[in-house]
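In what follows, chain A forms one complex with chain B and a second complex with chain C.
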Partner chain A sequence: MSRVDPQLRLSLALLATLAAVNLVANPARFAPEQLLTSLGLAAPVILVAMAATPSILSGSGGIDVSIGPMVGLLNVVIVRYGVGVLDAPPWLAVLLCVASGTALGLANGLLVVLARLQPIVATLSSYLVFAGLSVLIMPEPGGSVPRWMAALAKEFSWLPLAGVALAWSAFRWTPSHRDLLAIGGSDRAAYTAGVPVDVIRCAAYAMGGFIAGIAALAMTALIGSGDPNIGAPLTLKAIAAAALGGVSLAGGRGGLMNAGIGGLIVFLIDLTLTGVKASVFALQVALGVLLLGAVMSNAFLAQRRSA
Partner chain B sequence: MAEVMRGTIRRWGSSLAIVGLVVALFAVGGVVVDGFASERSLRSILVLAAVVGVASAGQTLVVIIGGIDLSIPFLIGFANVTAAQLFGAEWPWPMVVLTTTVMTGTIGALNGWLSCRFRLHPLIVTLAVGTIAQGAVLWWTSGFPSGSVPRELTAVVSLGSATGPLPVPPIVPLWLAITTCLAVFERWTVLGRHLFALGSNPVAAELALVRPQRVWSITFGLSGILAGTTGVLLLGFTGQSSGTIGSPYLFQTIAAVVVGGTPLSGGQGTVARTALGSILLVELSTMLVGLRLPSPGLQVVFGLVLAALVAVYGRQKHTRELL
Partner chain C sequence: MTALLRIRLRDTSAYHDGIVFAADEGSIVGLAGLEGHGQREFLRMICGLQPSDEYVAELREGDEWHAIESYGAAAARRVIYVPGDRKTEGILPTLSILDNFAILSYPRRGRARLIDWRRAEAALHQYVKWLHIRLAKASDLPTSLSGGSQQKLLLARALAAQPRVLLLDDPTRGVDHPTKLEFQRLITELARGEGLLVLLLSTELEELLATCDHCLIFRNGRLSAALDRSSLSLDLMVAGMFGQLEQVRDVTGRSSA
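Moving on to the complex of A and B:
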């Protein structure tokens, strides 16, 4: 564990370069008094990338394409019901968001493990269901959030990230973390070694849902309202970010740290290109080139390592 | 021997199940929705299924070799915009179609080659390459694609037109021809069999002298060509180009493949069943629209039905059965 993974080193180098570019191009964003607000701006994409990770780690084509719409659904649920109907105190609103996220993730997990649908099909179905439900619950963007929640995107923007980091560190202490990586590497070998493959795999999806709940909090705090269409585009961003950070899409390799770094990279790319006022299409091309470049250099490293 | 028999029954069983579902859904639709079984509605179902079907045929081949192609929606948009620009520049239409599909085919082949050569997950490669292609074409037209659509193209897809004696627009027989050709290709040509060999066991296939990079490039290239074709055809529908016109086809092509009973794990499946899957999907959405379901509700029902359908005949094996 002491040696730094070359993959991680590559992601970190990319991150450092982007940070340096932004520091020069856009120093105001990184002024000490702005730092927490900038973090609040970055938190949703970082957290969504993290939310996509446990299912990818679980291997055998594990992936949760519903993660974006899930965050979108939780956003409108919390604004419409948590804030609107219940006028919930902070603890209840947070609980509502995280618990419903976990439940949605668990539903995905059960579809994969019990109904034995291929993960991409299972989560594609829930993608459609979550996206549809979001619009049914809140047809138009609207609503507002209380002051304490808005603070989660400003002076307390570190809190959601710290919450996830803490929860994941705790999980890493349990043997289940190793089990998760084991089934991601080879579920057959893990199964013969007595690892409860189904339970762990299902739990991975539920964990993704849990993190999605926290991502939804950060997102809601940031936009200060409910928006039924905010979720869907997040899926591809999240998966791309995880891959950029060095999470292997084949499963079994990587962790939330990788995803977090990937999320930060995606955020900085967006920031850089909006900073230089490039057209959104140039931004799109740049994102694609970077994504391709990053996964290709990861592949080179992997080949060299195995050689 | 018994194993072979059981395999045959299973294969034909699921094909029959899909045909049965297509027929049953049509019957149900005819009963619950007014005018569902009318000639006009039948024609529109076929035309819409043809559009989904052409793109999904490419997705099927890619899935058979164990890949997945997320660049289809982007290439559809790419072809849509490029074709409109070229039509606008007064190119003759065969040249436009050829140029556009050759371009998308090349981009597709690049997808396959990169994924195979560098052992990258095709999910990420196709996503990245597709993003670049779509971004580039939109950048070129600065987001306001212009151009025009010739009347010949509109006639190919318009609901009212006919193909010789057939009462359907040419897009439907075109789709049928593409599906038939690809079904023959995958079943009876050496290259076609290589797809299945690579999909079920890449290591063994390579030992049997299948050249993975070549097969991956060709297969993804075919998918690119078909996505390009879809993009051009869509131009005839809308009469106006758009770089994002392909977005619904990301999930629709995957859904058509899966509903058609081709597992995403590779090594199995057929283009013919995907054609049935496309019809099934379009029937379902036509019926739900006919029931005056609002579109978000339609999405919810669609998701549930997709999960239910696949749970009926597309389940994966349990880990213990893989040992």
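Moving on to the complex of A and C:
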């Protein structure tokens, strides 16, 4: 990590600009006593962007479009069953969320690896299933969360992010991390280099599900209830954020740090436009244009790199 | 000396023991043929990358012979393949030079599964010195290297896995002449000095003539002739490639007909 790659530099510049604009326009959000609450507000989109990243890194068209509804499904499951039926203690609620997320991600991975479905087709099916199940489980927004969970969006808003960051840092020291980037670059070359391609690809989707579980915790903490429709719009934000942060959609380049930066960028754009009372649709337009810019600059830089 | 690697026919009715070829450690075996006449498939069959209906490769460990039926099994028995098509099958384009070198030897089993970067880099620099790889920084992308250096990097990756049998798929294709000579010297050194069995597929007959102890000639998808050092000549090789030679002769001297 000695040298900062140009894509990351571009993302950091965009992030700095947005941060400066918001610091001037919206100083209250960045007051020291408000910082953790603001982080709690940003955490869901940052974590969903991170959850979308491992599958993108695995290459061969790898993408998990079901990641948004997956977070939504986990949200209603944790509120309806974890809190409502079981009245689960913190450790059990966290375990339930993370284990279910991993299982859902693993299911996506198996569809891609065993059934040999195109990732976008496999996860689009999951998207519909997850979104439908959410409404079946909880037709109307409702429910409530215990105090400890609400604290995850306030004074302990750093905890889910720190947990994922720590786990990813540890993962980066293992050969499996290199294997993931290797299959993202080229399946054939990775296989010839002794990488168990299918196992790693499947694990990447499961890993995305694991992070989606933690994203669901942060999201549930933030909204303090269950909402069957909260998840679906997150997918596009997550993938846009990953790309804006410098994760190559072709696979093999980038990491969770890129996704985190991208998530922050998307959050700050959101904040800026809400600050000037622009409509949600203006946000979509802005995001679309920025995403186009990010992907094009990405392609341009990749071309220069290989030249 | 007993052989290290042998190739049998799956259908053993044609020969009494079905063995068409056997090779000792410390020797260099060339594979030659007109483009697309089965020599590449044969090489890939030996490391389990491309199973064949006709042949099966067996490796000796102690007194036992083990058939190599999968790529993973070959690697576990230290039969290591160095891909020829370095652009699509060799170099990992998104990983650093260091990772490209070390990926085959990173710890994957047992308790110590974390990467020891310092050790990996020290190992890389040993090979950089030995193989004369021109390299600026180990953290650079491998696409910054010349074709010859990329090929050497792939060779270094294979050697770091401590092979008993090294399978080279046309390693000097598209490599400049001095580097070609360097490769030939290295291959000889690996076989004579380190005792590796090297199987060398080459499109350059002069290269095979300069290095090989035995040469297998392929025609129409099959092993059609085996020449040993004493009878190795350009004329015979060309004759074999065009189907002008007799049936397979077992290079270890045992009768095969």
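Here is the rule we use: the second predicted complex is superposed on the first by the 306 of 307 C-alpha atoms of A that agree within 3 Å, B and C clash if a C-alpha of one lies under 4 Å from a C-alpha of the other, contacts with A are read in each partner's own complex, and residues count from 1 in each chain.
Note that a residue touches a chain if its C-beta (ideal position, glycine included) is under 8 Å from a C-beta of that chain, and two chains touch if they have at least 3 such contacts.
If you're wondering where the values come from, they're calculated on a predicted model, not measured in any experiment.
J.: Return first, second, both or neither, reflecting whether A:Val83 touches chain B, chain C, both chains, or no partner chain.
T.: It touches nothing on chain B or chain C.
J.: Touching A:Met207 in the superposition: chain B (first), chain C (second), both, neither?
T.: The answer is neither, since A:Met207 touches no partner chain.
J.: Identify the partner contact of A:Gly252: answer first if only chain B is touched, second if only chain C is, both if each is, neither if none is.
T.: Second partner only.
J.: According to the stated criteria, A:Thr174 is in contact with first (chain B), second (chain C), both, or neither; which is it?
T.: In the superposed model, A:Thr174 contacts chain C only, not chain B.
J.: Under the stated touch criterion, which partner chain does A:Ala93 make contact with: chain B (first), chain C (second), both, or neither?
T.: Neither partner.
J.: Could you let me know whether more residues of chain A are touched by chain B or by chain C?
T.: More residues of chain A are touched by B.
J.: Please work out whether A:Leu128 is in contact with chain B alone, chain C alone, both, or neither, and reply first, second, both or neither.
T.: The first partner, chain B, only.
J.: According to the stated criteria, A:Thr192 is in contact with first (chain B), second (chain C), both, or neither; which is it?
T.: A:Thr192 sits against chain B and chain C alike.
J.: Starting from the residues of chain A touching chain B, keep only those that also touch chain C in the other complex, and list them.
T.: 188, 191-192
J.: Along chain B, where are the residues that touch chain A in the complex?
T.: Touch list, chain B to chain A: 68, 114, 118-121, 123-125, 127-132, 134-136, 138-139, 142-143, 251, 254-255, 258, 263-265, 294-304, 306-307, 310-311, 314-320, 322-323.
J.: Show which residues of chain C lie in contact with chain A when the two form their complex.
T.: 49, 71-72, 75, 81, 83, 88-95, 99, 103-104, 106-108, 113-115, 139, 141, 143, 157
J.: Would you pull the chain A residues touching chain C in the complex into a rising list?
T.: Touching chain C: residues 2-3, 173-175, 178-179, 181-182, 184-186, 188-195, 248, 251-253, 305-306 of chain A.
J.: Residues of chain A touching chain B in their complex?
T.: 61, 63, 111, 115-118, 120-122, 124-129, 131-136, 139, 187-188, 191-192, 197-198, 236, 239-240, 243, 249-250, 279-285, 287-289, 291-292, 295-296, 299-300, 302-303
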